[in-house]
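Before anything else, here is the set of structures, which you'll find just below.
Here chain A shows up in two complexes: once beside chain B, once beside chain C.
Let's look at the complex of A and B:
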């Protein structure tokens, strides 16, 4: 279709021979993860299932942050505020406006997209640490604003998410409940499955973005703005839209958080939340699609499962222990859990021998291998 | 010599007219004028600091000149946004490499096709109909470009850690995927061995013929410049000091003076 295609006669070798082969290991691993994710709520007590949904909320928001910080290279310490805006949007839309739950979630995403674009505009001129500081200000400001406008937000005591419901005493505003239309599932189990589905959708969408023209432009802008621009990428547009999309994902995460707790409170959206998202991204592995999910689970396991089991005297030291673990992790695996895994795979592939690497694909070629040298020396005429 | 194109009977693909670039008090380009005809290989030579790369950066809209005009294929380039240059049909490589280390070789080359494809966040997120087929087409075009430059075997490797000469060829492949009419190469032969330089010269000619390119070349390897160029523009200290066929330029006393120093 192009001159380039027309001028070449022989078919080119498959660029991705590895992934085209039936990846049995991957299928087995994915099946196990699938079975665990589906079976988990059936075997867990209700409070645990609600904690799981909380992890999903973090995973969604962290995935948004990863798109911005991991792939596009813009640091945000303000995603806790966007998470909060998403949560409050859902709460107010349902309680005060009477919007149906799922439309409210979508609208929360739209609202946060707009806010994200608004933050992204000044971010064009400020980079790196300075951008981190500006977003830090946003994160610090958000709980204060919520308390300031208490007539709308309920101030420090928070808001319950209610809807008019039929009761014995007539129609009364009561906390909303997501109940299964199929009956067989308990509310906590239903909630788990519904939000798991939403989380999967968000991660599939993220993966689609990352593995596309848009995803390449994100990374190109991160690594080399000049190269991006010369290749026809509108750098400013990419940066602003990424901020918007990232913020929308944080907002959807916040919406999940709000619906899970059926109430919102400014103390849930402090600067610490922004830091948790960064932790999830870094622990899981920045610039990998699944990293933030792994990071969110790791964080959740520590906070909700391990930390309550610690002896009474150690409880106040939980943040210190978390900090210590983070330092150790960053020393052992600077690329997060996913980065560490990739390194293991690459090492194993390298150990399998240079013979197998002759096809030129695969992680073994991270190191200079003879085949790339010989490519260089060979005549282009050959 | 300077004004010989004012007769207006032939209009070049790229026309640079009286372009001046100043960085503070430093004059990087001093009312430089030249034009390239369709299908020519034109070399821009001159000592270091002559302003060759500055001119490249003016044409690719990285620098805004303080005076002058640049026209490409009938468009006033100085009125075009930097990211739309590729769409107009101008591709380039960089003297100091401008690849994306975080992407694989293939993805780097596919970035070069950005202006030739469509689809933003929403289309990509939902994999709307044009996206997967466009992606396949772009991948095929990128693989063809890699094959043309004998890079197909390393398509899925990360760029980081590859040898310098290979990286230069990846950049060339990226520029080709944008299907340019004008290809600007900034010192493509630097860091190559003698044999590789000869091959490169051969390759540039072949690309020009097969892809119907116009080539603007900055290069210090004189043997290659003289062997493949249709025209040579010689610059010194921001100005053009000579212009003509390789044979004419080689004999020009001003060129000899600029390169070897003026006789005492």
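Let's look at the complex of A and C:
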């Protein structure tokens, strides 16, 4: 099941740095990405910044999916449904219960964790293609469930996320707004930074999970369940917990999506969303921490920036290209962008010859140096 | 009672459609060991081919045959270009799932690109006439669906059990390596299997379209019903697909009608079936149990 691993060498690199040299190239790259991420919303129109937040939501959910599918080998075609549950949880908690925004986001994660564990239990017996089938059915079912329980969910017309707010005409329920404390930033910019911070936290947590003993047990279970069991890993617990954590991340992604749009609607959580998460994971590089973020950005650039430039008649070409891309990637570069990059680096290192490898610049060491920046945003490592 | 019979007959008519799609899924599962998530979209695409030919003025039955031929070509092409190069589905399930999902998205978009986003009207193959049995009016279209299903199922059974070609296809399904060693042209037979599956999918699409309008999302629900049918029947059993199709069709017609809380989710009984069967009897009713050697 390590078929999609982006790693070209061993999947769990030894955390000890072998090379003592400062990774200058990496620090420069990290700084550039950091500057771009921080500077971007200041130079972009509000609608772009909202699109960027949408990409972050996808990145968070895709990262959760990657943990499950990339690292643990459990295929889910149903993360769009968990994303939807997260979004609806936040909307209902804020609008109907009056929970503060950030607590609602955390609760959405908790709710999805529980749902994920509940899905993870049957997934112990249902594997591979069959799990894909069940989760596909979940993804198809979710928008219908929203319609069925329309008294709570608002049905097909959706829900607006509101809170009681003081106005000239007294206290009225109005769509919530996230505004910066001192009014220094426009609402879209504030939203961008807040959710960027959340995204960075999620990716750092993911990185820490993956690098830990738990992360290694995820991969061990994926590669060979029997062998993992024999070496003392509690396979069932690992798989269920992974499902839970992955679902929680999808839920937080959904929460970000809901807060960004200030409304939820069943048509935002169709089977297509589940598929786009898979595309983000695979395009970026499965079983690499940063892969889903790269994939989400690639997807976002394509759908929000490139595709609107196409003439209207050709708009439906977007999914054709995405689908075609997915197939081509599976055939020629199952490791996605990160896998491809690692291959380039490995090739270059190999060309430098055995001498370079001896002093620690071999292909393996490239994936070994801990990133100097906490975001991991430039680190192609697992 | 009449009401119940009415609901029951609707279920049987729908069930025949699910069984048709299921037959295609079984043929592909048997030959390549793969759950083809793109089966519904392939069927949708070739139904558009039927519509195009019919729209040119060709009588509908001939247009359906043309669409089946088109479907066969699409299925064979898809197998050659996208599915075969990825490798064994049980060795690389994720890659194969991703390819079929890529096809899912790609074919859906391609249909919109070619035929636009507005729904098309495809008339019912057996007309809009009705016949009254036991005080219940049944559309000829539903009876036609059951008859066509019977013909298709019989055709597949004859092909697999009574012809040399079918024997070779079964050999590929049972052990493709040994089959190729005794001279069976495995890749060509796999391609044939995909073509046949797509061709019967066309018929499922032709029966689905008249009720709801022909759009690119035509088969997305039907696909899940079809999967529920073959999960219940057993992934590799043609008979199972037919019986499973009827059970799923009836359940998804009766349950929303009579069980409160299920009014808008006919998919729920199908989902519960899929989950329950996979958990407690993964080989389904008629499927062969998979035994894996250590």
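We take it that the second predicted complex is superposed on the first by the 331 of 382 C-alpha atoms of A that agree within 3 Å, B and C clash if a C-alpha of one lies under 4 Å from a C-alpha of the other, contacts with A are read in each partner's own complex, and residues count from 1 in each chain.
The definition used in the following text is that a residue touches a chain if its C-beta (ideal position, glycine included) is under 8 Å from a C-beta of that chain, and two chains touch if they have at least 3 such contacts.
Just so we're clear, the structure is a prediction, and the values are computed from it rather than from any experiment.
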item	value
First (chain B), second (chain C), both or neither touched by A:209	first
Partner chain in contact with A:287 - chain B first, chain C second, else both or neither	first
Which superposed partner A:250 touches (first chain B, second chain C, both, neither)	neither
First (chain B), second (chain C), both or neither touched by A:68	neither
Which of chain B and chain C A:144 touches, first, second, both or neither	second
Contacts of A:234 with chain B and chain C, given as first, second, both or neither	first
Common interface positions of chain A, toward chain B and toward chain C	1, 3-4
Of chain C, residues touching chain A in the complex	34-35, 37, 82, 85-86, 89-99, 101-110, 112-113, 117, 220-221, 224, 227-228, 231, 261-265, 267-268, 270-271, 274-275, 278-279, 282
Chain C contact footprint on chain A (complex, rising order)	1, 3-4, 69, 73, 75, 77, 122, 125-126, 128-130, 132-134, 136-138, 140-141, 144-145, 147-148, 271-272, 275, 278-279, 282, 286, 314, 316-327, 330-331, 334
Complex contact set, residues of chain A against chain B	1-5, 7-8, 12-13, 15-16, 18, 205, 208-209, 212-217, 219-220, 222-224, 226-235, 241, 245, 287, 359-362, 365-368, 371-373, 375-382
Residues of chain B that touch chain A when the two form their complex	60-62, 81-87, 91-92, 94, 98-103, 106-107, 110-112, 114-117, 119-121, 124-127, 131, 134-135, 137-141, 143-158, 160-163, 165-166, 169, 174, 176-179, 196, 199, 202-203, 206, 210-212
